[in-house]
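Chain lettering (A, B, C, D, E and F) follows the sequence in which the chains are written, and residue indices restart at 1 in each chain.
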Amino acid sequence: MKMHEAKRVEIIIEAVMEGRLTNALNEAGVTGYTILPVSGGSGRSGQWSREGQVGRAGGMVAVICLIHPDRLDALLESAFAVVERHIGVVSVSDTYVLRAERF
Amino acid sequence: MKMHEAKRVEIIIEAVMEGRLTNALNEAGVTGYTILPVSGGSGRSGQWSREGQVGRAGGMVAVICLIHPDRLDALLESAFAVVERHIGVVSVSDTYVLRAERF
Amino acid sequence: MKMHEAKRVEIIIEAVMEGRLTNALNEAGVTGYTILPVSGGSGRSGQWSREGQVGRAGGMVAVICLIHPDRLDALLESAFAVVERHIGVVSVSDTYVLRAERF
Amino acid sequence: MGMDGILALAGANLVSPIILSFLLGLVAALVRSDLSFPEAVAKGLSLYLLFAIGFKGGAGVAAHGVDALLVAALFAGVILSILLPFIAFAMLRFLTRVPVIDAAAVAGHYGSISIVTFVAASSLLAGRGIPAESYMIAVAAAMEAPAILSALWLAARRGGTAERVGAELWREILINGSIILLLGAFAIGWFTGEAGLAEIRSFIVDPFKGVLCLFLLDMGLVAGRGLRSSRGVLSLGAVIFGIVMPLVGATLSLAAGLALGLSFGGVVLLMVLGASASYIAVPAAMRVALPEANPALSLTLALGVTFPFNLTLGIPLYLLLAGAVTGN
Amino acid sequence: MGMDGILALAGANLVSPIILSFLLGLVAALVRSDLSFPEAVAKGLSLYLLFAIGFKGGAGVAAHGVDALLVAALFAGVILSILLPFIAFAMLRFLTRVPVIDAAAVAGHYGSISIVTFVAASSLLAGRGIPAESYMIAVAAAMEAPAILSALWLAARRGGTAERVGAELWREILINGSIILLLGAFAIGWFTGEAGLAEIRSFIVDPFKGVLCLFLLDMGLVAGRGLRSSRGVLSLGAVIFGIVMPLVGATLSLAAGLALGLSFGGVVLLMVLGASASYIAVPAAMRVALPEANPALSLTLALGVTFPFNLTLGIPLYLLLAGAVTGN
Amino acid sequence: MGMDGILALAGANLVSPIILSFLLGLVAALVRSDLSFPEAVAKGLSLYLLFAIGFKGGAGVAAHGVDALLVAALFAGVILSILLPFIAFAMLRFLTRVPVIDAAAVAGHYGSISIVTFVAASSLLAGRGIPAESYMIAVAAAMEAPAILSALWLAARRGGTAERVGAELWREILINGSIILLLGAFAIGWFTGEAGLAEIRSFIVDPFKGVLCLFLLDMGLVAGRGLRSSRGVLSLGAVIFGIVMPLVGATLSLAAGLALGLSFGGVVLLMVLGASASYIAVPAAMRVALPEANPALSLTLALGVTFPFNLTLGIPLYLLLAGAVTGN
């Protein structure tokens, strides 16, 4: 099948920042993304788990964004502005997508 | 450690189509995949979230499939037949796996 | 934006082994990872789903680990020691990260 | 009872904790509070409500017996469910410019029923001491699916491209979770009767209304979020449809109920079924069979317009109408 | 009581909402309905049941006092849990061709216990006004883990390759969530006694049976899905094992209960513990310690064959047997 | 009442199922049992508690009327919430070496309130037949947010780098889920009054204490896990702060309550609000506005030190103090 080059951006960010991140993405014209729940993890600020938690603090989400390579920089800049002072990680991988008209 | 080339296929598809997709994969001989829950997202058909939802419509799942490069085309064809008329995205990345005999 | 080479390791492993895996990672000096819930899947040992399940057996989790390429081997060795006799899959992809000092 | 009566009744209805919980959710979502129910909690509440309402219906049948009317009522329900989508479709095409495929999908929702609207109406009737046929819950279950048939026929017939509806989809629709749970609990309640009900009364009867409050709070949140995120989806014509269509459905059901000879309470419940629109079974079926239809339109109409209308003004109105006609 | 008595009792048992809810779930899964409980809801229900049954047991002990029998009963339970896997192993190797490692894993399940079977039996006893020692719930907790020891010994001894079972695994097994919750709630109930029970009675006593119905509905769904997806896993010999083994476990437990001098109700509960097979604690331990064992076999047997058998026919049968022997 | 009285009361408090459930969770987590509540279940329980406590407060106001004191009490609560962070900040800087930004974040937690501590205290009062102003729940809601203002001011003023707090963050804080739910349910309870309460009493009143037990079990698990994973985070000075600060908060609130002329029960509840530290609303706000602050410190202090202290010793102590001063 015909595949098209694209970038897969994975942003793991605090749950309280989810809305701010997606707003920033929307403003940068990035309207395609998928949010996965995260149940736990570990990093420089220690280990955590969502089990039994009530509050929104102390949890993270993973935002996955498939995007045309040309638009990567705009995405990263807007995402970075949100992530900058916060804990979380951003990674970008090469990928190929079906139905390029969607990205 | 010895790693082997493989493809990582990520299909984000409507939850109501999950069974149809896995059936199609099984029929194409693809019996290894993992399904991740998705809590929200955004695309051409707008933004959505699973919070407080009861019905199965209006939710998506992510199906991850690690596969030997030779078998990629069969997988994509069977997956595409299911995804074709539906919302959702398909991406393929290069990856390496341990224990190649499993794929 | 300045991106740095890294590896993205994805380990899909039985939920009962989660603690043993993260302990092994910690001991190998890998303290950065994120755990995603998994809702179902299929493999050589058959198809499964978490729906309505109470026990911890019969479920899996996905552990995602972004790591500096130099430290990949240590990670894989410690992970493999845990995964070896168990069902589950390990894959490694090339990726790029922001804020390299974190990995 | 004149306009005063309607307003008094609507007023009395409005100050129940059930309705106010829904409004609380609606307001919280519209002001963008982060109040939310986890998906699992919402599903848990709905499993409870379906089980409880089904069981109580069955136990009621065990207590009061069943007559030939049951079969006739089921039959009438199925006919209404098949028929209403055609009216809905015509009305939509007249009032709005939505494409055929969207009109067909919406029509399917309005032929089917909303079980929580039914539950709220039952609750109101019980509170006022108005008896109704216990088997109406079975009628509700019977009305869930047939409307889908009409929607698919309309879509295929009128130029849409409905997917070939295989046996698989029919199986899914006919034994979808909520139908199975409703009918299964109904059967268990019927079978175990008064004794069975006594065993689990303090679970399915006593706390029922409170659970319903929480569930409606969640429905308010979902409806409010839906309205907010689909600004622009609803034209004025669509909103009019969302209010007039339930009135049409209720009126036809009133006629059917009278023709059948249902009790006053039974007539009201049939009206509520006719007036309400599905937000669980039909949306899922439509996503599978009519993937090109815009789901935001159906859901916003059903959950954001018709559901609140029925809950607040509709149910009291149907009660008054049925009362006026049957002389109650 | 003759065969008539058995059938009458089994019949009465079968028409309880509890059993019928399980059957509803089973049927729904077998016809492939999409009815399902979210994992979180299932876990929530099970947390409730463990807390409630533990607390009530403790409060019962506070009310009726405790005697030397408690220690003896705990001891007997541990011995049964250690012993039964050897019988199960031998029987499996005789009846089926499953590999040693699988036989050992299955054997571990049958030495341990199913708390929900225990709860269903307690419920049946309570409904018939048959008293039982309140501390039987502590016996249940004590029987959860020892069987695992036997299973691992069997696997290591008979050529399997059990992972070196470190202190870590033992810690996990002995203080696994369900044991801690059962025993903790038991201790709280004992400590706070009647007064404590009075405070939370309307949460842990009144709605208990209804919650049990919902939980069994979910168990039925899970069991049915398991049966469906592991067609072919079960040989005829395995199915026979799944029905005969509980009878053997119940018989040995009957002997133990009589030797101890437990009450009629206590004997029945011990039989139920002996007859039931674990589906929570042991499966998790086996995945860690015997990863090569096929989990589908153990779970399908425990949940798909033995659990339904005990729930429907087993419990009434054990009741009759114990009644015949003790003259009740 | 002398030291004996304190101990007797604390003892009586300690043997309630509510406190013991918390301790069970704490112990289970500290011995690293895998007992755990799914996130959705924990959230579901907390939604229930907020709805129930809010509704009952409102129904209480409907029953007993409201006076000018309500406004004064709300005002006093807001002032306390704004003031306490300054004291907390100074005390932390004196007792520990935590950076300014961390001290500010912790201070914000202690100005705000813990609703479950409030619920536990209400429960204790109700059990002893001590009446209190029903509108105290509204005071609780009013005290949630103002402390955040002080914390941000402290952080900005004292060298920290608080993010520009836009209108967006204020909106989030002021209409965060728990405030909306508490106040919304309060309004519904007030509006529907006795009749509304009667409709849903068997959901929000009868099982309330039992649900609270399960929720506190979960809180114990979370607190214990937090303590375990943040060994080393807490210095001795911090632990002292976690125990002395609630005493200071309670004392100031006692003065405020007396000045206002609240009833004995009302004074106790205000003390509990002053003494308790937020673990839901403030942590989320701090993550957004002060991302550099270490969340482990605040949460471990609030949930691992102050919450258990208040639950076990604090509440009885405040009761005695208020009793001694008001002569009750």
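Convention: a residue touches a chain if its C-beta (ideal position, glycine included) is under 8 Å from a C-beta of that chain, and two chains touch if they have at least 3 such contacts.
These numbers come from a predicted model, not from an experiment.
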Required minimum of steps from chain B to chain F, each step between chains that touch: 2
Identity of the chain that, by mean CA position, is farthest from chain C: D
Longest centre-to-centre distance from chain A, chain (CA-based): E
Rounded Å distance, chain A centre to chain F centre (Cα mean): 34
Centroid spacing, where centroids are CA-atom means, of chain A and chain E in whole angstrom: 45
Multi-partner residues of chain B (at least 2 other chains): 36-37, 47, 56, 93-94
For chain F, residues that touch 2 or more chains besides their own: 34, 36-41, 43-44, 202, 206-207
Chains grouped in pairs wherever the two touch, ordered by label: A-B, A-C, A-F, B-C, B-D, C-E, D-E, D-F, E-F
Chain F partner contacts - residues on chain D that touch it in the complex: 15-17, 20-21, 24, 27-28, 31-41, 44, 127, 202, 206-211, 213-214, 217
Chain B-facing residues of chain A, complex: 1, 3, 6, 8, 22, 26, 31-37, 61, 64, 66, 93-99, 102
Chain D partner contacts - residues on chain B that touch it in the complex: 14, 16-17, 20, 45-58, 85-87
Touching residues (chain side chain C, partner chain B) in the complex: 10, 12, 36-44, 47, 60, 62, 73, 76-77, 80, 83, 89-94
Contact footprint of chain F on chain E as seen in their complex: 38-41, 43-44, 47-48, 51, 55, 171-172, 175-178, 180-181, 184-185, 187-189, 191-192, 196, 199-200, 202-204, 206-207
